[in-house]
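In what follows, a structure is listed as structure tokens, so that the remarks can point back to it.
Going by the order they are written in, the chains are A, B, C and D; count residues from 1 in each one.
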Amino acid sequence: MKSRSTCVMRASCPDRPGVVAAVTGFIRDQGCSIIEAQQHGARGEHFFMRLEFEPASGATVTPEALEAAFRPIADSLEIAAEFRDMARPMRTVLLVSRFGHCIHHLLHRWQAGQLPLEIAAVASNHEDLRAFTEWCGLPFHHLPVGPDTKPAQEERLLQLIEDSDAELVVLARYMQVLSPRLSDALAGRCINIHHSFLPSFKGAKPYHQAYARGVKIIGATAHYVTTDLDEGPIIEQDVRRVSHARSPEELVTIGQEIEASVLARAVRWHAEGRIFVHDGATVVFD
Amino acid sequence: MKSRSTCVMRASCPDRPGVVAAVTGFIRDQGCSIIEAQQHGARGEHFFMRLEFEPASGATVTPEALEAAFRPIADSLEIAAEFRDMARPMRTVLLVSRFGHCIHHLLHRWQAGQLPLEIAAVASNHEDLRAFTEWCGLPFHHLPVGPDTKPAQEERLLQLIEDSDAELVVLARYMQVLSPRLSDALAGRCINIHHSFLPSFKGAKPYHQAYARGVKIIGATAHYVTTDLDEGPIIEQDVRRVSHARSPEELVTIGQEIEASVLARAVRWHAEGRIFVHDGATVVFD
Amino acid sequence: MKSRSTCVMRASCPDRPGVVAAVTGFIRDQGCSIIEAQQHGARGEHFFMRLEFEPASGATVTPEALEAAFRPIADSLEIAAEFRDMARPMRTVLLVSRFGHCIHHLLHRWQAGQLPLEIAAVASNHEDLRAFTEWCGLPFHHLPVGPDTKPAQEERLLQLIEDSDAELVVLARYMQVLSPRLSDALAGRCINIHHSFLPSFKGAKPYHQAYARGVKIIGATAHYVTTDLDEGPIIEQDVRRVSHARSPEELVTIGQEIEASVLARAVRWHAEGRIFVHDGATVVFD
Amino acid sequence: MKSRSTCVMRASCPDRPGVVAAVTGFIRDQGCSIIEAQQHGARGEHFFMRLEFEPASGATVTPEALEAAFRPIADSLEIAAEFRDMARPMRTVLLVSRFGHCIHHLLHRWQAGQLPLEIAAVASNHEDLRAFTEWCGLPFHHLPVGPDTKPAQEERLLQLIEDSDAELVVLARYMQVLSPRLSDALAGRCINIHHSFLPSFKGAKPYHQAYARGVKIIGATAHYVTTDLDEGPIIEQDVRRVSHARSPEELVTIGQEIEASVLARAVRWHAEGRIFVHDGATVVFD
């Protein structure tokens, strides 16, 4: 990915007059030029804003300096703000099991420079995807799990994530339910791909459920992991039409393609600071 | 709609070798030419087939004569068969309430000759759509319903349907739950449009549910009415992408367009004999 | 349509630092609250912005007063700005020929309060759609056209448009090519629906062209009319999958549904000030 | 891919009564059971049929024996028929250049058993994709090409294809225009992915053309290669909505995902004998 010289500001606050003017005035006063700006103010009386901007030619700005300079405005308007230097890709850990379609798609797009990630590690409860991971030049950690070893395995997993300074954990068809404790520890920075069009067909074998019910459209959903399984805030969804002639196995194949594509979009949006979560739903500035 | 000179044969039976050969051999032996043929054999070991054919030039065939001639084959192979003369449009009753988007779309397509229906009557529990119905030259029946009058109203409704010799009843956003008794009486010939992508968001105000959950895709579902509300066999579904920026009201508007389009497709397929129901799911020979 | 109490500001200018801050600061200083704001700065070094805002409770603002107050900022930053009171629906003339699918869809959505238009007149070179138009309570003007009478007919058409104070002219399957003179007179305020996925299949009978070429997807395009036939800036497009089994007539039916839906979206976006044209392409703040 | 025990029969002939009965009667008389059958008779008075069937338990049939047994029927009804044992995957050569998205998707699906191919070789005019190809355990042939060496390079390419007994050649973003001579030599067995929604935007840099024209939907097209560049029979197409906010680079990324998916579908359909070409268009029995 060609290095970006931009910064991203994410801001949210109770909706009130003057917020946009205050924030954009601040950016101007820092001598920066706005490249892209999006805001949304309707949902639940709350206001969300994302700005991508670049410093004046020759100047440099740091997230820390911007944050300090913005503090008086943040305090007076109750704005929660974050700044991020887009030259720095997001530290990420991938968790997988045996299905390879999601990690293959993610790593190929990452190799092609289309995902702004620094992939610190891949971990799995199976060995299947070691060869591909290592061929991509990434460390692979086999953390097997059994009925009695789940707490210990999650402990090692969390340790790995923390040791990696991971800002994002991607469950790329990791076929283990996270414990509430681990879900909590990863809150807001863990994305799962659900192999169904949520809220339909939660739980196991959704494509077989879809077949039995005779649905005419199948899909997949990327969402943040919460302790409430399959109920986390939805980030992205996509679908494809199917007919009665498709077998459950063919639905799985079609679904895998949708899953890989949906997950990659959600990951990119997260890494670019495009997603806000509020009240169980997301605002996505695509 | 320009009159068709074709016949449709619908056949279903336990799947076994030789069925296609037997059925298509029969059509050939009647001196008819197959225009369109579709079959499906995978679902639940059952076999389904639809043939559209026309008699040899100058000849005429009747559904009754075909049925009689086919009886020996039907008996030997356990084939349930129906024949229909496509020159005769399907007798239909529409039920509506106050929302006009579905009936408008259906009647405009019907006026343009794109739906092979003979619309015997429109009935409603409200007066709102009388003007448009009568402007289309169709009889409008106002059958109001209140908490105490539902059994009596359904009685009148069923009477109207039977008096009309209706082969199809379309719930074009008829906002009353049918009683199990009426559902049973209309089994297999009553199509509903559900203003949601089933099985998500059953019940009331699905677009508001979808908004609250933050889904990224909304849809609508046409299904046969069964006593199990919102669980009847799915005929057709469609969806459209939406973003966080759409209000619940905008979701309603977008959804109405999908509903009208999905319902019209389901009605046409039913009228052309393209739908089979088996084990709670449909086979649709589009 | 429930009356809105908002104003819309449309602004465009050469892209430069400080524009967003200046514009949003102006709105705040007028005591108004921003409801919705969108901007785009990447295409061709030009910047576009749409703001929807409402005055402080009890206050009123007029487009004229806002324009006057904004003039100094506009001058200093070279901003072209327009203000519009959204309580006032957009004066519109519809042109049709014989196909009814687009006008039916537009007028039903208009009757349902989903299009912020005041429809001043419907004009056609045929009588076919008089009954429906008049049933909707709208004046219908029959302006027949023949090989020798086209200039005179266009003169009457333009007169009707000007007499109606029309801000928008919608070609809802008006099957006449506008002369360069009329196209020029309507520049920027005339929307056409092209019955094809442009730039494929320009010209006549596109669905038959699509059939012959065996395409697997068909679509429709709404665009602004320019003197260069079928080449005006694209506002909106949509598509649907089709198979080899669809006849040209079925493609027409499917296409008509897409056309009606695409045209309605384009008309609403125009009426809400969501479209900017620059360098032959559009920016649409949906 | 789990080995299939089925045979596929592909038949086409001038449309006439009795063909379906004759063909399906033949299959029954061979003691085989039809698994899947599709036919199409409308396009150009020509009839197409695909049957997938399995021999009676314990029996074996060979394509050669079936062909011999069918010959009398074929002769009397002018049916062109082919039989194929689906236990044998299709011998395939892939041609690539530097872009990896299509070959990555194809080889991952092939490794997952979702494409019934035997990949004999990968050839390229660049070295970039050697590592991935060889990691997949496939032979990689570097056949560089320059302005003066094209005839010689094509000679080597064709030699490689013939030595491989390739029944299918896939241009998985092979960025060289084939000479008419090579196109002719590969007629009917060479699939290309065009990075555009044909017939729009033929030629170079279609995503940049699409951006300049401001289209709202982009797509990709898989087609058979003919001597008429970008005009071969269309096998499959897909699209995705885009907005003015997407840069040409983002359109490329989105487009690559569509390309990979569309090409994989086309390849599978070809390998399963689902595609017929007639009069410049395809019939696809999906």
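Operating definition for what follows: a residue touches a chain if its C-beta (ideal position, glycine included) is under 8 Å from a C-beta of that chain, and two chains touch if they have at least 3 such contacts.
Computed from a predicted structure; not experimentally measured.
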Chain B and chain A - chains in contact with each: C, D
State the smallest step count from chain B to chain C, taking one step as a move to a touching chain. 1
From chain C, the most remote chain by mean C-alpha position: D
Is the number of contacting C-beta pairs greater for B-D or for C-D? C-D
How many Å are there between the centre of chain B and the centre of chain D, using C-alpha atoms for each centre? 37
Chain C and chain D, separation of their C-alpha mean positions in angstrom: 42
Note: chain A residues in touch with at least two other chains are 36, 42, 245, 286
In the complex, chain C residues that touch chain B: 36, 100-101, 104-105, 108-109, 111-112, 114, 135, 245, 253, 257, 261, 286
Over in the complex, which chain A residues touch chain C? Could you list them? 16-18, 20-21, 24-25, 27-28, 31-39, 41-42, 56, 241
Help me check something: in the complex, which residues belonging to chain C touch chain D? 40, 42-43, 197-201, 211-217, 219, 233-239, 243-245, 247, 280-284, 286
